[in-house]
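Two complexes follow with chain A in common, the first pairing it with chain B and the second with chain C.
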Partner chain A sequence: MGVHSLRAVLDVGQSVAEHRPWSRAIVTPEIWHLLVEGLAGRTWTLLGLWGETGMVHLAVLEETTGSMGVASLPCPDGQFPSVGRLHPPAQRLERTIADLVGLQPVGNPDPRPWLDHGRWPISQPFGAAMPRTELPSPYSFLPAEGESLHQIPVGPVHAGIIEPGHFRFTANGEAVVRLEERLGYVHKGIESLLDGATLERAARLVGRVSGDSTVAYALAFARAVEAATETDVPARAHWLRALMAELERLANHCGDIGAICNDAAFALMHAHCAVLRERVLRASAACFGHRLLMDCVIPGGVVADLPADGINVLRALVAEFRRQLPPLVDLYDNTASLQDRTVGTGFVRPSLIRQFGCGGVIGRAGSRAFDARRQPGYPPYEQLEFATPVRTDSDVNGRVWLRITEVHQSLKLVEEILERLPPGPARGELRRSGQICEGMALVEGFRGDILVWLRLAADGTVARCHPRDPSWFQWPLLEAAIENNIVADFPLCNKSFNCSYSGHDL
Partner chain B sequence: MALIADYLVQGCQMLLILLLAPLLTGWVRAVKARLLRRRGPSVLQPYRDLSKLLRKEVVLADSASWLFRVAPYLIFAALWVAAALVPTFASGLLFSWTADLIAIVALLGTARFFLALAGLDVGTSFGGIGSSREMMIASLAEPAMLMMVFTLSLLAGTTELSSVARFMLTAEVGLRVSLALALLALVMVAIAENARIPVDNPATHLELTMVHEAMVLEYSGRHLALIELSASLKLLLYLSLLGCIFAPWGMATAGAGPVAYLGGAAIYVAKLALGGLLLALFETSIAKMRVFRVDQFLGAALMLGLLGALLLFVSRSL
Partner chain C sequence: MRKLLFQNLWRLPLTVAAPAPSEHALAELGAKVDQAARRRLGRSLAIREVDAGSCNGCELEIHALNNAFYDLERFGFHVVASPRHADVLLVTGPVTANMREALERTYAATPDPKWVVAVGDCGRDGGVFAGGYACVGGVAEVVPVDLHVPGCPPSPMQLLEGLLALLQVQRG
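And now, the complex of A and B:
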């Protein structure tokens, strides 16, 4: 097998003209295999894998050239050749396809259901949609055998107020031998709800996939719609969107830094970081009318322009951060007992991070310099100056420091955006072509790259929409991060990942 | 008549510690909240929590045996008696002569034994984790505590606390290396025994990192109230112990009369407040250590206690 470029491989297939901005091709099983082998051989990175009735879609990124594309394989007989057989990151996505659409991945080494716990009123909501008759069967966890091993089931209901997820530890005393996650407890059927939704309703729904990254989700959805309809958005809207996205990053990174320290029982950092996060939320409310900036980004632009005093409010916020942050960073850096917990804990091998195409803080702390703001990039970031910070330590401490670096970076970006905010309208009209069209967007949220793919029907409603959370490629790595650690360090590893349950379970 | 008065004073002391224990816990929490720039609940909150828990029904796991139901009463009884044996506002009270420091250590051990058994009894994995961690901590904390006791008894010639307190007030004690080591050892043991940061976190919601909380996760209602009260009593006991041995000033002697007793009580409350303040300060400034570092921490406490005792064999003046 020679080395092909992604473009050349997809060009062999039957190109779908209405798919924008990257190409989508309907491919044969041979090309599908070629793509799977390329994924397994690290030529390409998996961006997403989702299904609809009679077809599976595989989104692929070529990191060397920055090109990406979607390959669609028709599966008239209800099955498709498994990607996960050669490329493990796809396994949970395939199990989800089997649960939701009913398309069976042939050769997937893991045939267990994933999101469907046997408690939905119907099975395969996107496929046969049959009412469920049989009772849920117990889930078989992967075995770990050996003398003096014992299992610790944790969750889905936890002692603290967090999202539900089940973690099955097999441990030898305190040392973790194996961790297996079971997710899907917050399945809300968002993809089904999106079917046939108007754009307004769909934007609200996608903005609620994972509430903490509502700006990034709404932005990804808006960009996908705008790509599909070939709408140009006013320049000011781009800049305001970036402003909101950076505010969201600022708030969440701040919260995460404090929460990680709190899991090492260092509540002081948590308290101070919570104050800083609150300041961002209040500034957001003052500027855009919502603390979490929900429903502020819509297809076509942003809902409201920055009010007259908004620039001053945000400049004051940045100044406040610049005053308060350095002492906090010093506190983190100089507290030996805290460093003792974070340094070396929860190490993830960079090769695994590359294999899973893991983005966000986890990826960048483990040598993978991927940032959707740079590659594929979207306005206005190409006009803004910022570097992609990368670390190689890939442990809890590395992820904390990467967040600190990104907080500084976001502060600088907010300042620069305020300085250079172009005049003009903040919202434009969507072009309605009256034809079926498809769009896709990749946006950098605070967790990593969020992918939204959608098809609009001729009447302008959503025919099919698939939002893919960055956590899909981060959750599996958490299982690897806890290896060689002790049970009591799991909360620290987990918080340093801070994966989304809601975004993953959809 | 004198005997009745003695009983009365001893009864007052037992009631006092029972009433003060939740206040101490509330005080430590309030100080910690203030240090974190939070307003925090009132210092009386632990009383409200206890009365709430006492009124709530008990939910028992199906797998719980009689031991699980009995354990809270045994733990509470052992800790209350142990706390009553430590001189607080007055030394030489009636019960003081019936048991010495080693008996207190034994009572604490009994309480811990039943708590660990209760943790194992329900058969949940968290109870098991908590009990095994508690036993690991105990296996090092208890010998460290005993070494500290030996150091004291070598100096004072007795393990009876009232006499130790009286001895510590005499001029011949002075500043001693062995006492400093014993103090350090006792503080470290106290932190570990009371499940405080950096050994355990009393405020955590992370079930995987818990020690004490993991053992009592299954308790509810009046059982939980007793366990909580016992934990408060234990904290009070250790602070009283530190006060009685290393800061015995202001303590009334038995039979000194109500005025002296009141003065002693005021000074005792001040000592507790100071101890709680220092504890909150310390806890705020440090992160929790990894579970496997606890043995090094308590190993150091054991070594300090041992060193203190050994120094006294080298020279009686150390």
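And now, the complex of A and C:
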């Protein structure tokens, strides 16, 4: 392997002309195998794997060249060769395809259902949609055997104000021997709700896949629609979108830094970070009318331009951050009792991070220099100067510092955007071709890279849309991060990951 | 750290003035709370938050209630870790089929007298996620609801107005 480029491999397949901006090809099982081997051999990185009636789609990234594409395998017999058999990051995605579409991954070592808990009135909602008759059966957790082991079941309702999910710990005294996650509790059937939705409704839905990343999701959806319809967006819209995206990153990183410290019982840091976060939300509301910036980014541009005093509001916000942040960073840096909890805790092997194509802070704190703003990149970031910070420590402390670096970076980006905001309209008209078209986008949210793939029907409604949260490739690594740590450090590890339940469960 | 703590002694508090209880919430609650319950609960209410399927937007704003600007605890509210310690269940999200039983069991584990506050447009009727195979609908489809706080997500101020109405009715 490694002799073929991704482009060359996809070119062997039957190209789908209406797919933009990257290529999609209908492939044979032979090419499918070639791709799976390339994923397993680290030539390529898995970006997404999803199904529809009679077909599975595999999105792949070639990090060395930055090229990406989608391979689609027809499944006339209702099954496809498992990707997860050779490439474990695909396993949960395949279990999801089996649950939702009913296509069976042949050879997947884990045949258990994933999102389907046996509670829906139908099974395989995207496939046969058969009424369910059998009662839900108990989920069989993976075994952990040995002397003096005990299990700690946690959730789905957790002790804090957080989303629901189940964690099954097996511990030997204090040390965690195995953690197994069971997710899917907040599965809302978003993909099926998107079927046939108007663009307006679909944008609202995709903007609520994970509420904390609403700007990034809305942006990914808008960019996918614009790619599909070959619409050019006014320059000012690009810059305003980036402004909102950086505000979202600021608010979330700030909240996370405080929350991680709070889980080590260091409430002072949490209190101050929460104030900074609140200031971002208030500035966002003053500038764009919504504290979390929901429904502000739409296909074609942004809903509303920055008001007359918006620039001043945001400059004041940046100034406040510059005053308040350095003493907090010093506080973190100089509190040995706090670092005693974070340094060396929740280490993730960089090789696992590479294998899983894990993005965001977790990836960059573990040597993987991937940022969708740079690769594949999208406007206006190619005109903005910023580095991709990378660390090698890959522990809770490293992830805190990476967030601190990115907060500084976002502040600088906000300033620069305000400085150089081009004039002109903030939204344009979408082109309507009256034909079926497909689009894809990869956008860097605060948590990592968000993929949105969609097909629009001839009448301009959504025929199929698949949003893939970065958490898909981060949740499994949390199970690895906690190994050999003590149970009491799980909150620290978990918060330093801050994966999305809603984004993953869909 | 000492410097940071000392600075806070001299600085004016960030905390906003308490809003008036929401009229709408008072009207919704008016008929539901009896005197006996008021006496038993005294002057404080313990809240257990349950995400029954939300997009996590509501959780972010409920979190914000505890920051220095809104300071929920000054009113006698505090968030507790178990439904067994709670007087109020703050429930968000369209209730998903996969969370239905967990919500029912959380409600059953909460001792009487208790209130349920459905937070957000999704908590009312499923919001944008209504319909489809995976969502049951609003919170009231599964457990009795005393108060709805609308919004997508409701702002901390809206949440505060609703909760203060609950406190006023409960204090009698």
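A few points about this structure:
FYI, the second predicted complex is superposed on the first by the 504 of 506 C-alpha atoms of A that agree within 3 Å, B and C clash if a C-alpha of one lies under 4 Å from a C-alpha of the other, contacts with A are read in each partner's own complex, and residues count from 1 in each chain.
Methods note: a residue touches a chain if its C-beta (ideal position, glycine included) is under 8 Å from a C-beta of that chain, and two chains touch if they have at least 3 such contacts.
All values reported here derive from a predicted model rather than from experimental measurement.
In the superposition on chain A, A:L268 contacts both chain B and chain C. Within the superposed three-chain model, A:I26 lies out of touch with both chain B and chain C [touch as defined at top]. In the overlay built on the shared chain, the residue A:D212 is in contact with chain C alone; chain B does not reach it. Once the two structures are overlaid, the count of chain A residues touched is higher for C than for its counterpart among chain B and chain C. Of the two partner chains, neither chain B nor chain C is touched by A:V390. By the touch criterion stated above, A:L352 is placed in contact with neither chain B nor chain C.
Look at A:P491: by the touch rule set out above, it reaches chain B but stays clear of chain C.
Of the two partner chains placed by the overlay, only chain C lies in contact with A:P125; chain B stays clear of it.
By the document's definition of touching, both partners, chain B and chain C, reach A:T335. In the superposition on chain A, A:A159 contacts both chain B and chain C. Applying the stated touch rule to the two superposed structures, the overlap between the chain B and chain C interfaces on chain A comprises residues 159-161, 268, 271-272, 275, 335.
Only residues 150-154, 158-161, 173-174, 261, 263-268, 270-272, 275, 335, 337-338, 340-341, 486-491 of chain A touch chain B when the two sit together in their complex. Here chain C touches chain A in the complex through residues 1, 3-5, 14, 49-64, 66-69, 79, 81-83, 93-94, 96-102, 106, 128-129, 131-135, 152-153, 155, going by the rule given at the top. Across the complex, chain B meets chain A through its residues 32, 35-38, 125-126, 128-129, 132, 197-198, 201, 203-209, 217, 284-293.
The touching residues of chain A, counted against chain C in their complex, run 115, 117, 119-122, 125, 129, 156-157, 159-164, 184-190, 192-193, 201, 204-205, 208-212, 214, 255, 268, 271-272, 274-275, 277-278, 281, 291-292, 294, 327-328, 331, 334-335, 500-502.
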